[in-house]
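Pasting the structures in now, so scroll down.
Note that chain A is present in both complexes that follow, paired respectively with chain B and with chain C.
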Partner chain A sequence: MDVILKGKYIIKCKIKAVTGLHIGEGNNSLEIGGIDNAVVKDAEGKPYIPGSSLKGKMRSLMEFAEGKVRDNLLVVSVKREGKPEICIHMCDDLNCPVCGLFGRNHGSHDLKSGGKIDLTDAVIPTRLIVRDAKLIESSITDEMKENLDLEWTEVKFENNIDRITSKANPRQSERVPAGVQFSAEFVINRFEVNSKDDQKYYLEKFIKAMKLLEDDYLGGQGSRGNGKVRFVDIEIFYKDSSDYEKDSSELQPIVTAKSLDDLKLS
Partner chain B sequence: MDKNKICRAVMSFKAPVHIGEKEKLYNITRAFAHSDTLMSGIINAYSLLYGKDETEKLISEFINGTPPFEVSSTMPYVNFQYFVPVPLGLNMEEYKNKGIINAEHQKELKKIKFVREKDLFEGFPFKYKPAGSFLIPQSEFENDKKKTFSLGRTKERARVSVDRQTSSSNIYYFSHFEFEKESGLWFYLKINIEKLENKIKAAIRLLGDEGLGGDRTCGLGSFDVDFKDDVPQFKSDKSKYYMSLSLVNPKDEDEIKSVVYYEILTRSGYVYSKAGLGIKRKTVSVFGEGAVFSSKICGRVVDVTPEKFLSHKVYCFGLAFLAPLPEGVMLFGSR
Partner chain C sequence: MAADSFESKTYEIEILTPTIIGGQDKIQSFEFVREGEYLYFLNFDKLFEKNLFKDSFIEELSRGLSSGARDFNIKDILKKYSIDFKKAVKYRLRLEGVTSHCKEVVAFVKSAGRFYIPGSSLKGAMRSSITKALSKNLLQLYENALSNAYQKALNKSRVDSKFVSRDADEKIFGTPYESPFKYLKVSDSSFADQESAGIFEIKVLNICSNHAKWFSRNGNIDDPSQATAIVAEGLKPGVKLYGTIKAEKDLIEGNSAVKGLKEKLLTSGASSSPYEFVAQILSSVAKDYIQKEISFYSKYNQKQIVSEYQKLLSILNSLDKNQFLLQIGFSTGYLSKTVGIFFNKNHFEKLSRVDTQSKIYPDIFPKSRRLLFKDGNIWTVPGWIKVTIR
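Then we have the complex of A and B:
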């Protein structure tokens, strides 16, 4: 199989937290007086959205939207005590929008419905790259800072109550406040696989995944209001593979839009 | 070394990197990439840009012993000061006794892993003090303008996979290295065939967009690259000792005999390619960076194609990138 890079679509945009956003860190240390449920932060102590969170969520939504969540299309990715624990979609269909965009694993896998599937011949480099989305500091205004409990984030108290004794069991949860913006970047490789050019197929599919995410949630506790996001100030660039031979090239966006609803690909 | 053809490729990272230590261990990361990792990254990017046939032509040049281009391993830079690994066998104690290195404890000397490029090749003209694994001039401490002198830090990222039907989750940890501002990695790039220069640089720029190391599709490892010509004039080409700035796999018996100080590393891992399976490649032993040789050696590219793997050949880059050590460098047992 011969795969040649034709170019890259680069989508730059801002991710706006419409409601509070909680992407957990998986605490491994507890400080006295600290928060039980922290959010991920970078080396400078500022919250960010990891590329893996965005990519994982979009993949999952895309699998549902493309009708790929069926026993005979799911492979077992984690087993516990010999039983399938985590199943996700992966297939050998070369035109599968999910696998083509988000990637496949090498080798042979167990299918949830039983039997095995070998993806060796279907594997090509993953088209989508999702970068970490960094906090835009100016989106946290001085007024917001006055009301925040921590430097960049708020602390939300949550509670559960025993139904009979009414005993309260409060807990704290850290979250990025509503209104905060992150700068995000997505790259979609346009390949020519066995002389067949992708054109805009995967770009269009990815925009669908972005729309799906807007109507779902990112991070934790989404069914309780957290994690609604919107993509704003979208710019799409195209970098041709020949551009790499030049020292630097000033790219002009091919499409710009205020929001996904306004976005129209020519 | 011909100065005109060598340049310095400076990578400024836009995201953290994950460079695996051993296969299937996600919670361990290195802070730099060895020359074989770097080379396979470049070759893969080259193949993406120019296709299979042209890449195979390029690789055959390497195997014939006429490499079209050479790279060193990646090395750190901190506050835009370029570091190289300490030559193995450098007699730190002697430097300390002569008052060149000012260290309070013996332990500090042992921790030094990197020295500034210009200090090593100019024979340590100033007075120095260790700062963690770096040896820096004492004046840096006295100015006290830059308080932090660190390359970056390792952080752990919690990752989760979620079952599509039952939503049960599996948590695992993935560690990555975040560089400080004005710090990152750099490597020497030597281009032997001039007409390939643009293509090779294009491949390295593409590698920057694709990313180096693991977990690239989640945004790790991407960098901007800058090609600079400010490499030092290596004073003497005929030197008593040569130090390797890359991994070396010796070509023959004579090359093995010429090694003076060395460390042996084992390189293993999985095949990554467009046609790659997730199968293990053959393991190979190499001399690590900083190995000192008494003569100019070449090294070789090793075939590590696993048995029963027929799609293409798999190679491990083991050509030596040598730098002559200056006169008067104090090694153990040399006087």
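Then we have the complex of A and C:
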């Protein structure tokens, strides 16, 4: 297979938490003096959105939206007691928007419907790169800050109520309050595969994934209030592969938009 | 798959009766000042920052705080040191006909200081109502879970009253990973401004030997004006808040329990969206509940509350297909939160063994109700909201 890099689309934007946002640490270790269900933080102790969380969520939303959630199109990613527990879509169709944008893993995989699929020949470099989204400190106003339980975050209590006794079982979790913004960056590689140029195909698919995420949620406790996000102050740049040979020059965005609603690729 | 199944819709909450979503905290008497028609909530950081006072003020303050705040009055101390507390106020709320002394205030849940309704509260109340609409043989599983817990208690095994229904919940809806409620996504609401919130007074009606009495620390009494009051931050009637909601097809088709609901309710056979379906369930459950409460309050001659519930009933009867009524939050009582509305004396006898911390009188349970008061008079029931999905 011939793969040529034609250029890169770079999408810079802010991710605004419209409701509280909880992206967990992933491990349940409880640091001393820490709280249950902490949010993931960077080396400076500030909350951030890991690129892997964004990418994983967008991928799973796209799998549904592109009609790829069918047993013969799903591979088993995690097994429990010999049964498939977590499945993701992966296939060898070179035109698949999900695998094309989010990537495939090498080697042989178990299909959910039984049997195996080997993707080695279909693997090309992943088009989408998602960077960690860093906290924009100024998005937390002084007034908000005065009312936070922790330096950048708050503690939310949730009660599970027993349907027979009405006794509450409170659980706490840390979250970033609504209104906070993060600066995000996505890169989409534009390839020419076997003489076929991607053009803007994957950029358009990526924007679809952004829209799907706005209508869903990011992170934990999303079905119970958390994790509504919006993409704002969007700028899209294009760097042709020939630009990398030139002396650096100021790159101008090809598209800007206040929000996804205003975004037109033309 | 239809494209619109990815789209979320907007919900509008209209507060019908004062609604209190309790946070984890109570605001202590030294944290606010009552003046005129308002409670002013102090910002201690600002008080200290402004450095408006002498060391002796801090000493007096900390003495007051450590003494358990019994006869401690922050207003007197602020006055003594001529500190203008209004320069160090976080927010102020109007007293909505509160006549009792405000010893402590039940705090409304807030995000970075802003009032809102958590998606979890709205969803939790919806789930609780949907559970009440289940078929008899599924509700039987709750009775079985209660019987099992009762047997355990008789055998002197430890029963955790927080997890009595868990077994039945899982049998009906599956594990959280399989639950149809995964497909109901309710965001937190928008924020309410200070004018939308107020301070409300609640008193506890208790049925004692077939008569309505009022709870006070000195026992149950006839005169409600002498009864003990709970004071709480709440949202005022008429206030509207917004958020997003997504009800996917699998909410009503993903699990046999909820599928059964559909067969039970959609008699006309008309195809209904998950939103309309949910609204239909919630309205029918609310209607049943309101009618039961009307007969309860009629029996004990509580005319004001009966007329409040009749008003709710007439709102309920004029709802559109995309609307429903729900009771949420603090002080809404045992029946609102549980499947206990289907229990009888036998069940409550078992419950009294399972939950030994609560006072459970099998002949009449629950025998108390928390009601809102205004200007010293019985006013209404807390927590009723109207939800519209667009």
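Everything that follows uses one rule, which is that the second predicted complex is superposed on the first by the 259 of 266 C-alpha atoms of A that agree within 3 Å, B and C clash if a C-alpha of one lies under 4 Å from a C-alpha of the other, contacts with A are read in each partner's own complex, and residues count from 1 in each chain.
Criterion: contacts are C-beta pairs under 8 Å (C-beta built on N, C-alpha and C of every residue); 3 or more make two chains touch, one makes a residue touch a chain.
Since the model is a prediction, treat every value here as computed from it, not as a measurement.
Peer 1: When the two structures are overlaid on chain A, which partner does A:D132 contact: first (chain B), second (chain C), both, or neither?
Peer 2: First partner only, chain B.
Peer 1: Should A:G24 be classified as contacting the first partner (chain B), the second (chain C), both, or neither?
Peer 2: First partner only, chain B.
Peer 1: Please indicate which partner A:F64 is in contact with in the superposed arrangement: first for chain B, second for chain C, both, or neither.
Peer 2: Both partners, chain B and chain C.
Peer 1: Mind working out whether A:G179 is in touch with chain B, chain C, both or neither, as first, second, both or neither?
Peer 2: In the superposed model, A:G179 contacts chain C only, not chain B.
Peer 1: Quick one: is A:E143 in contact with chain B, with chain C, with both, or with neither? Answer first, second, both or neither.
Peer 2: second
Peer 1: For A:L212, decide between first (touching chain B), second (touching chain C), both and neither.
Peer 2: After superposing on A, A:L212 lies in contact with chain C but is clear of chain B.
Peer 1: When the two structures are overlaid on chain A, which partner does A:Q252 contact: first (chain B), second (chain C), both, or neither?
Peer 2: Neither partner.
Peer 1: Applying the document's definition of touch, where does A:G222 land relative to chain B and chain C: first, second, both, or neither?
Peer 2: After superposing on A, A:G222 lies in contact with chain C but is clear of chain B.
Peer 1: Could you tell me which stretches of chain A are touched by chain B in one complex and by chain C in the other?
Peer 2: On chain A, the overlap between the chain B and chain C contacts is residues 64.
Peer 1: Can you list the residues on chain C that touch chain A in the complex?
Peer 2: Per the touch definition, chain C meets chain A at residues 1, 6-8, 23-24, 43, 45, 90, 109-114, 116, 118-120, 122-124, 128, 131, 142, 145-146, 149, 161-166, 168-169, 181-188, 191, 243-244, 246, 334, 337-340, 351, 354-355, 358.
Peer 1: Under the touch definition given earlier, write down the residues of chain A that touch chain C in their complex.
Peer 2: 18-20, 61, 64-65, 67, 140, 143-148, 154, 156-170, 177-179, 212, 215-217, 221-226, 228
Peer 1: Which residues of chain A touch chain B in their complex?
Peer 2: Result: residues 1-5, 8, 24-26, 28, 40, 42-43, 50-52, 55-56, 60, 63-64, 69, 74, 77-78, 85-89, 102-103, 105-107, 120, 123-126, 128-132, 187, 239, 241, 244-245 of chain A touch chain B.
Peer 1: Flag every residue of chain B that touches chain A in the complex, lowest number first.
Peer 2: 14-16, 48-52, 152-153, 155-165, 168-171, 173-174, 178, 180, 198-199, 201-203, 205-206, 209-211, 215-220, 222, 270, 274-279
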